[in-house]
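These are the structures, in structure tokens.
Both of the next two complexes hold subunit A, though its partner changes from subunit B to subunit C.
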Partner chain A sequence: MRGIYLDPRTKLFMIFVVSLIVMSNAVTPLEWTIRILLTAIPVFLLITEGKYASALRFTAMYAVSLILMRSFISEDSKGLLSALLVGYCGIVVQFLPAMITAWYVIKTTKIGEFMSAMQKMHVPDGISVSLAVVMRFFPTIKEEYGSIRDAMKMRGISFGGGKLSGMIEYRMIPLMFSCVNIGDELSAAAVTRGLGAPIKRTSAYELRLSTRDIAVMAVFTLSACLFIGAKIIG
Partner chain B sequence: MKKMINIEVQNFSYKGSASAGLHDISLHIKDGETVLLCGASGCGKTTVLRLINGLIPHYYRGELNGRITVNGIDIPSAELYDLASIVGTVFQNPRSQFFSVDTDGEITFGTENIGIDPDEILKRKSEVVNELELKPLLGKSLFELSGGEKQKIACAGVSALMPDVMLLDEPSSNLDWKAIEELKKVIKHWKAKGKTIIISEHRLWYLKNLIDRVIYMKDGRIEKEWNKAGFNSLTSDELCALGLRPTEIEEKYIEEFGRGIFSTENIHPCSTLSSESRITLKDMFFTYKPQKYFIKKKKLNAADSADYTLAIPELEIPRGKVIGLIGKNGAGKSTFLRCLCGLEKDCTLRLTSDEETVSGRKILKKCYMVMQDVNHQLFTDSVEAEVMLSMDNEDKDQAAKIIAELGLAGYENTHPMALSGGQKQRVAIASALAANAEILLFDEPTSGLDHAHMTSVADLLTELAKKGRTIIVSTHDPELISLCCDHILCLEKGRLKYMRKC
Partner chain C sequence: MKEKKLKPKDFITVGIFTALLFVVEFACGMLGFIHPYVVASYVVLIPIVGSIPMMLFYTKVEKFGMITLMSVLVAIIMFATGMGWLGAPLIIISGLIADLIAKKGNYKSFKSTVLSHGIFCLWICANYFPVIVTAKSYRKNLIDGGYSAEYCDSLFRAINSKTIFVLLILCVIFGMIGAFVGKAVVRKHFEKAGIV
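Presenting the complex of A and B:
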């Protein structure tokens, strides 16, 4: 069912390198090649996970932006349309690869694995536990927000009942109340199950870096070195 | 026999709260005993459990005079994390007691916290999975599970810590009949393993054969105590007088809930209604997995309805009656309610009442749902503003009338969040009345309520129906159906199973 299994540490490294390279400016053909190659890897991984639709959507958007940018926009293009195009393509080309990588990592990593990886990297429990809570809260917020939006629809106040401030107020206040309540009950439940013990947490997930992980890391390290080298020489 | 739990508390009061304390509690529980704590909401059941698991005084602060020991450990001076492997707690709300996103992580969460060796963790996990029959739930996201399944995972997470004492705080509040059976199995299993079990609960019928002793609490004191035989010999009227829900469910509701909705018999057509005034629902089709479309979305229709989540070609609902909507978890009760109040815009429902047919967004005006968690539908800073928000033309007199009608007079300027659960529910109903909704839908309005509150909800529903509103109430409580429903509407797999008079 699962595609290519990677260690969470490899995935974190991948996010780091992809963001580093994709966000910096590429000029020479070599730099562009590295950049596109690195963008292709997370897309490929997404395909192995069976997320064809998002991979396709992303590739199409990325390709269109890249072509537009390379062929139609030059330094002396003027006018509103080209300004908008530069903005749009710039955002897609610079930020989307990092976002799609992060999305891939979030979709394929279990919280337990993530915590275990953080422990292996000697990150303090306080930080890894808080990050885990944040990850656990995203779906909760989504659920709560969905219910609140339904309630607003029934009341006919989706647009704030005529007040601009209402649109935000009516959404945020119930959302905050329920998140605070859930958070409070959640921490009571967590402390009765030993959270906060002054001993080293253990983990049910035994993480080991496989040859596959090492290979992936090597590819990323190499690309990063090449890219930085090209920058320094160029 | 060894005393497992000793509580001698002269006094306890929560910090910053005048009510809901405890007085003169003297409770001794033997090793391996199963004890039921019962009593009206706010009688102090939960507070007693918090004394045992150490949440008082370590998490909830307050003034405590007294001694509590569990297995020889003095609770107020122990650390919470040391208690984790001695006292385990299953809480009321399945939504807010899990910490992970996936089931596997949730089962091992506690054992990881107290630093157990990974091999031992995996051993315990597979043991718990076998004992509680959790195989089918492994590797899933907790957000996809039903309330009953979540509650089972919560039991497993506690079980993996291997505590001697198990506390359950109204564990069945959000569960259907089948899930309660599963919960009962878990409790039985713990009992067989010799655990000391304390359950605080409003629903009593499923526990009557499991318990050894019953403690009845009132206003923070222990008022009465029975052994099993003594408790089971109480009549419904006696229980009622104490404000407790009945332990005996009438035979016909066992039929309805036990065999009726879980039978695999063919779905038989509904009986036709007599000539009363009615509301007609037509073409109620909806699916969560619509066909992929390229340019034009295909309209849902009867011909393709075999795979739909909800498919009810035609249904007649008597006007001005209370209709109980039943069915097991996942039978489509919530989907039915969501479609009926117009929240699912792809639903093809056409609703006819008074020779007027509405569909699409206009249904939102006709129907109003009081959600299970009413906190989601209170938006403003006072009860009056809440009611006025629903009106097309703000009318103070009309608002005051509605508020008085629902027994909320005097609370006009109170912040809705400062009200009790039952009052909040009534504010939500008030806003539905102000919006002039003809059909009122209730999603599990009595989950977690004690007998008195349940009766008052039942009375309110009857009252609303008398005034001409049509009420559809989805519920797992046979007690509620027996109190107020005129008709029963049963769903199975999104299809109408039957509709009949009570």
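Presenting the complex of A and C:
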């Protein structure tokens, strides 16, 4: 296994802290530093996993919008272009840290590990199974959507033939068809492997919190405390 | 079908449709950053477009708990993507009520499905909660954070503690209209294909 291995629980904690911090806006330089630092950690972890392309893409997007936002937009900028710019940069700066973290977690956690972690935290089966499906499904949807787009291109249909309703109809309906079918296969496969059996599940993955995990959690807890402290004082 | 307890198959169905619903939400959400008024129009966009997967989902719901579970998942994902937890109670309560309404119609009657979808759509309003509850500091935060005053003013003109009731009602109404649209689409495509 490549990269720095982290326990799924640590990763969930990372998501928790990042979304906590992302929610409140950073104002002072200290808050910005914490925020950028916390964004850098998942990016770094992505690099250690060998996912250079996505790490680079995220960093570039984040850096560009951050710079644009800090240098070109002020309180009294007006007009459509600046509104667009504000909108675009705003969403990127606001939500990208959470998205990077979520992306990192989804890309590097095996479903088995995730389930085992959820079980250790005594999360009810219903929630953990459905969450695992959601996690597994986002990449699938992306893949299926890509194939549908290719098929549409081959027939010479782009953007739903110019109709707004067509756009939904030609893309979403096929997507839903394939998702429903995949879902049926998925549940058949899961049941065959004993999901929903009335006994306690065992897992092939032994989860143990290592020093690495504790260190990462400590860093995140500390920065969350600092951030909240700065908010209260400031 | 007489079985009342949820099976793994049901969990998986819930998971899939939650994922689909979020694809719709993200697609519409991207539009919202063009102009703040679009943010307010989520209450129209998301119920109508999202109704297509939702109506297909409703045809698969047979037991109590699936819709509630979906709302819990929505709340968790909203939190994980940085939208905050202020809306979580609203999301889960509206999911529970939607579930109860649908149960009353035995998950088969179209009338209760329409009503139930309308109530379920209230989750969209949870997006606005941070804006309303913390209006003053949120505005300051946005401006300090680099948003222009113009953007903020239009945002707060469209969304404040007065308009939230209008938005909530619009959510329900368009949720109901969406149910009809979704039903028509499902009938057109999925029933013919024999999936439902």
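The rule is short, and it goes like this: the second predicted complex is superposed on the first by the 171 of 234 C-alpha atoms of A that agree within 3 Å, B and C clash if a C-alpha of one lies under 4 Å from a C-alpha of the other, contacts with A are read in each partner's own complex, and residues count from 1 in each chain.
Basically, a residue touches a chain if its C-beta (ideal position, glycine included) is under 8 Å from a C-beta of that chain, and two chains touch if they have at least 3 such contacts.
All values derive from a computational prediction rather than experimental measurement.
> Touch check for A:168: first (subunit B), second (subunit C), both, or neither?
Second partner only, subunit C.
> Contacts for A:202 in the overlay, against subunit B (first) and subunit C (second): which applies, first, second, both or neither?
First partner only.
> Looking at A:33, would you say it contacts subunit B, subunit C, both, or neither? Reply first, second, both or neither.
neither
> Touching A:190, do we find subunit B (first), subunit C (second), both, or neither?
both
> Go through the superposed model and pick first if A:15 touches only subunit B, second if only subunit C, both, or neither.
Touch partner of A:15: subunit C, not subunit B.
> Just subunit B (first), just subunit C (second), both, or neither: which does A:177 touch?
Both subunit B and subunit C are touched by A:177.
> Would you sort A:102 into first (subunit B), second (subunit C), both or neither based on which partner it touches?
Only subunit C; A:102 stays clear of subunit B.
> Is A:54 in contact with subunit B, with subunit C, with both, or with neither (first, second, both, neither)?
Neither subunit B nor subunit C is touched by A:54.
> Which subunit A residues are contacted by subunit C in one complex and by subunit B in the other?
132-133, 169, 173, 177, 182, 186-187, 190-191, 195-196
> Provide the residue numbers of subunit C that touch subunit A in the complex, in ascending order.
Listed in rising order, the residues of subunit C that touch subunit A are 6-9, 11-16, 18-20, 22-24, 30, 32-35, 49, 52-53, 56, 65, 69-70, 72-73, 76-77, 79-84, 130, 141-151, 185, 189-190, 193, 195.
> Looking at the complex, which residues from subunit A come into contact with subunit B?
Within the complex, subunit A touches subunit B at residues 110-112, 115, 132-133, 135-136, 139-140, 143-144, 147-148, 150-157, 161, 169-170, 173-174, 177-178, 181-182, 185-204, 206.
> Hey, which residues of subunit B end up touching subunit A in the complex?
53-55, 58-60, 80-85, 87-89, 91, 93, 95-102, 104-105, 108-118, 121-122, 125, 141, 143, 157-158, 161, 338, 341-343, 364-365, 368-369, 371, 373, 375-379, 389-390, 417, 431, 435
> Considering only the defined contacts, which subunit A positions touch subunit C in the complex?
Touch list, subunit A to subunit C: 15, 18-19, 22-27, 69-70, 73-78, 82-84, 86-91, 93-95, 97-99, 102, 125-127, 129-134, 137-138, 141, 168-169, 172-173, 175-177, 179-180, 182-183, 186-187, 190-191, 195-196.
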